[in-house]
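A quick write-up on the structure given underneath.
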């Protein structure tokens, strides 16, 4: 177990370093970053000034090591556009994105788990097929389009929710629903297949032979075992949601890190873009690590091995 | 819906009379079908209090289905019908899942063939044992744990305290089957159904488990319905035997009577399959019955064994009468009593 | 032991799956034919601006005209014609991305599965690293830096979406490697290359086909999202995502402007997913993760 964790941790650190390097390389893709920063209307002199100011005249490996060294300490430099520390910007925006992600995941679980369980219990009935159709529909729904439709329908026509912006809890509902939609199909399919497997197992027959209540059979004995893979997928899905927050936050004008990234891309503010890519990737790595830990806690075969 | 058999049986008015001296388990004309296959075709059997009744037959003959049907644990798609299905004198044919779940684990318990997979991998042995008692009796946790430890000791597990905190994957197959037995005994059941409890185990462990079952049966006086394909086992622990073939009981009787005077060609065939030291000569091959148990469609008439029977004749494809062959001994065959002399074609036993 | 399944159920399920397959094939087939025949079947030039007839509703709605079946957009361009050309963009993006990412992912996966050991460690590392990169964000950043173009979208998506191909190719190759006939070919002195090409590739092809449909659906959705955010396929190309973005300003007054391209996108992706589902059921394997 300790060995497994150490190995897992080593991989996580290596992946994190790789992502650090990639996010540095990302901004060097265009060849000359100074020209990109200066924008199309800048003169050669402006570009030269920018090059000096941001240290872009140094050799690339010096720039890389400097960036790496600072990034590890949580220093992502200054934003060109917002005239603030990048770390401050991200620190201020991250709670909004995290809240949104958790709302989305929460909604997804509330819908996906019961539906997945019901579909499994009623396997091969019209109910099961309906649930699976819902999964297919959810998979095919473009999230930004669904967002717009909800804005028109719930926001304008019914006037139930604020159409867009950042604010109190009500502002998280529509984007949360849209995010949940993207995670529901895979969570539901996995719950269903896990439950079908669990329900056909010998230990469920034992539980029934013991005369346990239906709830205990389905949830305590069935879902407990089906939940193990669901937990890791839920963590991964949260990572994907945060990574995809740029689309949802832009649609709903929510000022989280995704919106920050989009603004920064449009303003050629590369230190911010680079930092957001890095932060989201690191969160994803942390989440997968967390999922593995949770798995080990949930599955005694892993824990005591 | 839980996967369970449809319990559509004829109304059981007047049959629902718990009697003082009723048999523990009475099954009359039980039929189970899965779609186009008749798995059990009208079997009848009784288990008396404190008696071990063995149900014997090859794999696929419907023994396990019979036991699951009695417990109301048929897989989805299984349809059960019976003229009588009574537990301690009470007709349970129309019991729903809720009523059955009150009986199961409490008054009738079951152990299965696969000890490796029959315990839930996610919970400790202790948790799985105590939940039976907590469910049926509402026993507080501490007392339930004491009871579990006591029973683990009784089924021959040393250091029960340690085992209670362990997970199934940390135990061997033999230990898991002992745990299953102890778990089945938690509520002091009157009936224990054991579906091939030793098949998946090592030979040495098999003997231990059987000795354990026999000991418990004597000690606690419970009725056991033991399903097995091993006649050696039957000879050692059964009071009564029913031999099943293709969904029917072809012969039944007290153990000594049936082994001493087997009447059905299938029973005789089975008996030649076990080596008896001294009786079978060294180089002589053991007997075997050619062919396999056929799949029987509903509405099949005649003896299902006739295609494999060396003594089959024209009458075998008609209705087969059930005839008495001794005290409590019945056989489902057209051959007359004492047939080896009468109309035997070839050697049998 | 615990009983058989009703024979009728299997047949039912197969029928349903076939129905799904038929529907999926129909949708994808129609879109493909429309995309190929676009220049010949469009009623108007999709780029022709007509400021006299802007935001005309579809002909089946109030105020619609027979001239423009699906109405016109904010610049008076015929919506149906743009939709038809948009099908081209979606199909090209979907197919090209699948080919690119499929080649990368399959190669990486087979290498890991076939050689195992250190090679496999590296492959697993690559997959893990790739999964931790937020696709949309990186694609947008690259487009922002290099300037968005049709080719860039294909390239970026192709370079980012190979992970599932690699995962599936790796695990299926691993299973195959231990099978008798592969070992037999191995022992009979076949070269590594010929074992890979003749024994392994054909046998994992069906699994890869399932992944291909999933990835194609994903690529189509991602292109639409990128174009919607203004950093995918550049205007005036009629990408469905871009059409939705351009119509966004008018959606509160004339909701059909976002419904038309949105439904087209939804139906196409549904069709591709239906095909994938039917394929997966046929194989009886679960790759839905």
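Some points to look at:
Chains here go by letter, A, B and C, matching the order in which they are written, and residues are numbered from 1 within each.
The working rule: contacts are C-beta pairs under 8 Å (C-beta built on N, C-alpha and C of every residue); 3 or more make two chains touch, one makes a residue touch a chain.
The structure presented is a predicted model; accordingly, all values stated were derived computationally and were not measured.
Common neighbours of subunit B and subunit C under the contact rule above are A.
On a Cα centroid basis, the chain most remote from subunit A in this structure is B.
Two chain pairs, A-B and A-C, are compared here, and A-C has more C-beta pairs in contact (counted per touch definition above). If you average the CA atoms of subunit A and of subunit B, the two centres end up 54 Å from each other.
Remark: subunit A and subunit C have CA centroids separated by 21 Å (rounded to whole angstrom). Counting only residues that touch two or more partner chains, subunit C has 2, 9.
Listed for subunit A are residues 205, each touching two or more other chains. Considering their complex, residues 121-122, 199-203, 205-214, 216-217, 221, 224-225, 298-301, 304 of subunit A touch subunit B.
Within the complex formed with subunit C, the residues of subunit A that make contact are 11, 14-15, 18-19, 22, 26-27, 29-30, 36, 124, 129, 136-137, 139-145, 148-149, 151-152, 156, 186, 189-190, 193, 205, 229, 233, 236, 239, 242-244, 246-247, 250, 258, 261-262, 265-266, 268, 270, 273, 276-277, 280-281, 284-285, 288.
Of all residues in subunit B, only 1-3, 71, 73, 97, 100-106, 109-110, 112, 114, 117-124, 131-132, 135-136, 167, 169-170, 180, 183 touch subunit A in the complex they form. Listed in rising order, the residues of subunit C touching subunit A in the complex are 2, 9, 12-13, 16, 125, 128-129, 131-138, 140-142, 144-146, 217, 221, 224-225, 228-229, 231, 241, 244, 248, 251-252, 255, 258-259, 262, 265-267, 269-270, 273-274, 277, 286, 288-289.
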